[in-house]
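These notes concern the structure reproduced below.
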Amino acid sequence: MSFWEYANPKKFLATTERFMPFLWITSGACLAVGLIWGFFFTPDDYRQGSTVKIIYLHVPAALMAINCWFMMLITSLVWLVRRHHVSALAARAAAPIGAVMTVIALVTGAIWGQPMWGTWWEWDPRLTSFLILFLFYLGYMALWEAIDNPDTAADLTSVLCLVGSVFAILSRYAVNFWNQGLHQGASVMRAGAVTGTDTTEKVSNVFFFPLMVCIAGFILLFIALVFYRTGTEIRARRTQALLARERVGA
Amino acid sequence: MSLSVTDLSIARGGIPVLEGLSFRLVPGQALILRGPNGIGKTTLLRTISGLQPPVSGQVDGAEDQIAYAGHSDGIKPTLTVTENLKFWASVFGAGAIDKALAAYELETLADRAAGALSAGQKRRLGLSRLLVTGRPIWVLDEPTVSLDVRAVEMFANAVRGHLATGGSAIIATHIELGLDGETLDVGPYRAKPPEPDDFDGGFL
Amino acid sequence: MIALLMRDLKLAFRAGGGFGLGLAFFLIVTIMVPFSVGPQSDLLSKIAPGVLWLGALLACLLSLDRLLALDWEDGSLDLLATAPLPLESTVTIKSLAHWLTTGLPLVLAAPVLGVLLNLPAAGYLWLVVSLVLGTPALSVIGTFGAALTVGLKRGGLLLSLLVLPLYVPTLIFGAEVARRGAIGMETQTPLMMLAGITAASIALLPFASAAVLRVNLR
């Protein structure tokens, strides 16, 4: 039993289909428990009031937005090295999910930022990096859509994902540098304190546990969506292949 | 330097077109490829030239030995005939272009911008490029398109001269060139549609 | 290699080669800026480094879709791929030719346009230095984008969408050098970062460009 045999589309479909109900139910349950717990059974923050509760959507979405790109990077590498079609299709399937997660993180961030900083948008390094990440997702998806031949598209998008990852990290550092240069730190520190993972260390356990449940829910939801969409992509490819077979004259 | 193709299978746009193709090309030999449109002659020639990877099988002895001429000639319209030819001569590291110009009677056009040439004249310029590459194996895809009878004769002479000096050529064409060489009809090698369950890890 | 470079330069300078278009675009964009933000000279001098960098970047971007597409259309790329020259060298030469015909003229024109935008006197040197260091990266990254989209009809818009996010770090550090230089701050850190990005791009990206070009050629 090798891990790689799941790279066979049929095997992949058969296996994931067995797990799908479990994934949907557990992710739904985690999200329901985490969000209800977080929204209704945690106290308001003494400084931020009830607005702090958007953390239960914002932080998991932001985490998944980054990890989704990381997953695409790995599946792209697997495609380039081992030429498993399912791997390339999984990367393709994940991209729109990652893009949506990025948008959720940006929008919830804006909604949170409005009462906190009195502005919907701040050119804070974190926010800016997410905006750039969103652009990378857009470019990646656009390239997939633009190319007819699926193998060519998989190759090109994989290389773009690799190169893009390097430049995304570079952008992260560049943006950090650039904004400190402008703002001399003050608003950056505050922004850093309310966005992202360092929050979890500052907030007390009351907020921490429901947040963990929400993060688990988002992870499970992400896995379920990726499996589901990869299945769709596999079936689409199969349809294409069958049509091509018909043209060849089988 | 001989070229050998062993059990070659090739695909175009992900669809297999030819399979189980084997042949050998020795110095001094010309191989004429025949077959209906769409059978995969261009794909075969591009695979031999190393522009695309085969699905399976091997091409040996092709690396850095091939001069490829496809459907387009790689001619820059704003450069003159001489400049175009000189460029390819220096890219391939071969020197003189006079012989090549003479072989296709391009001397009188030498200083004209390539954009001002007729289709047939452009083709002659494209074919004369083969003579300045110094490569022993010519891989030619429909070389006689838009050539008149006289130009086809020039081309046939150029190929004969190339073969006489130990070169070889694979030519996909639909017309009779008057070359003595073997003819390979690729029709029988048409790829059979793959079994629904085993190709491409189950995609087909 | 020299032959390829000379040919590309010759093609750029001959009729229809597009040399000077990028430069003219740079000029026009720079002239448009005061029309859109107003003629106050203190405001203009404040934004001048950034505007000039953005203008140079866009001018660079505009000429990218010709970089490989023309050679693709007339079959030259097929022939170059079968030539003794490795494809990595071919794309490097192509980037170099692009920089010589687009990037370098922009660098030379930038100080002149700086006058129009009331760039502070201290800024000229740093503007030129940052552009000299940064524009080669723009050409190399752009070549990668051009190689990705070379087989596509109407790939121009997609090319911009792919390349612009990749330009972000170069733009940030480049414009930062120019901006800091103009107001007399230390420029060493962004300058080092800019040089690093350019050096790494030149060293590594041609391999990626050649790889995607091979994929596109098959």
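First chain written, first letter: the chains are A, B and C, and each begins at residue 1.
FYI, a contact is a pair of C-beta atoms (placed from the backbone, for glycine too) under 8 Å apart; a residue touches a chain by one contact, two chains touch by 3 or more.
Keep in mind that what you see is a predicted model, and the values were worked out from it rather than measured.
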Field: Result of counting contacting C-beta pairs for A-C and A-B, higher pair
entry: A-C
Field: Farthest-lying chain, centroid of Cα atoms versus that of chain A
entry: B
- prompt: Using CA atom averages as chain centres, what separation in Å is found between chain B and chain C?
  reply: 37
Query: Between chain A and chain B, what's the gap in Å when you average each chain's C-alpha atoms?
result: 48
Field: Interchain centroid distance [CA atoms averaged], chain A/chain C, Å
entry: 32
Task: Specify, in ascending order, the residues of chain B that touch 2 or more different other chains.
output: none
Statement: Two or more other chains are touched by the chain C residues 218
Message: Residue numbers of chain C touching chain A in their complex, please.
response: 144, 148-149, 151-152, 155, 158, 161-162, 164-166, 168-169, 172-173, 176, 180, 189-190, 193, 197, 205, 208, 211-212, 215-216, 218
- request: Spell out the residues on chain B that touch chain C in their complex, using ranges where they run on.
  value: 46, 49-53, 64, 66-68, 70-76, 78-79, 83, 86-88, 90-93, 129
- line: Listed in rising order, chain B residues that touch chain A in their complex are 13-16, 191, 193-194, 196, 200-204
Task: State the interface residues of chain C toward chain B in the complex, per the touch definition above.
output: 2-4, 7, 10-11, 14-17, 71, 73-76, 78-85, 217-218
Query: For chain A, which residues are in contact with chain C within the complex?
result: 132, 135-136, 138-139, 142-143, 146-147, 152, 155-156, 159-160, 162-164, 167-168, 170-171, 173-175, 177-178, 181
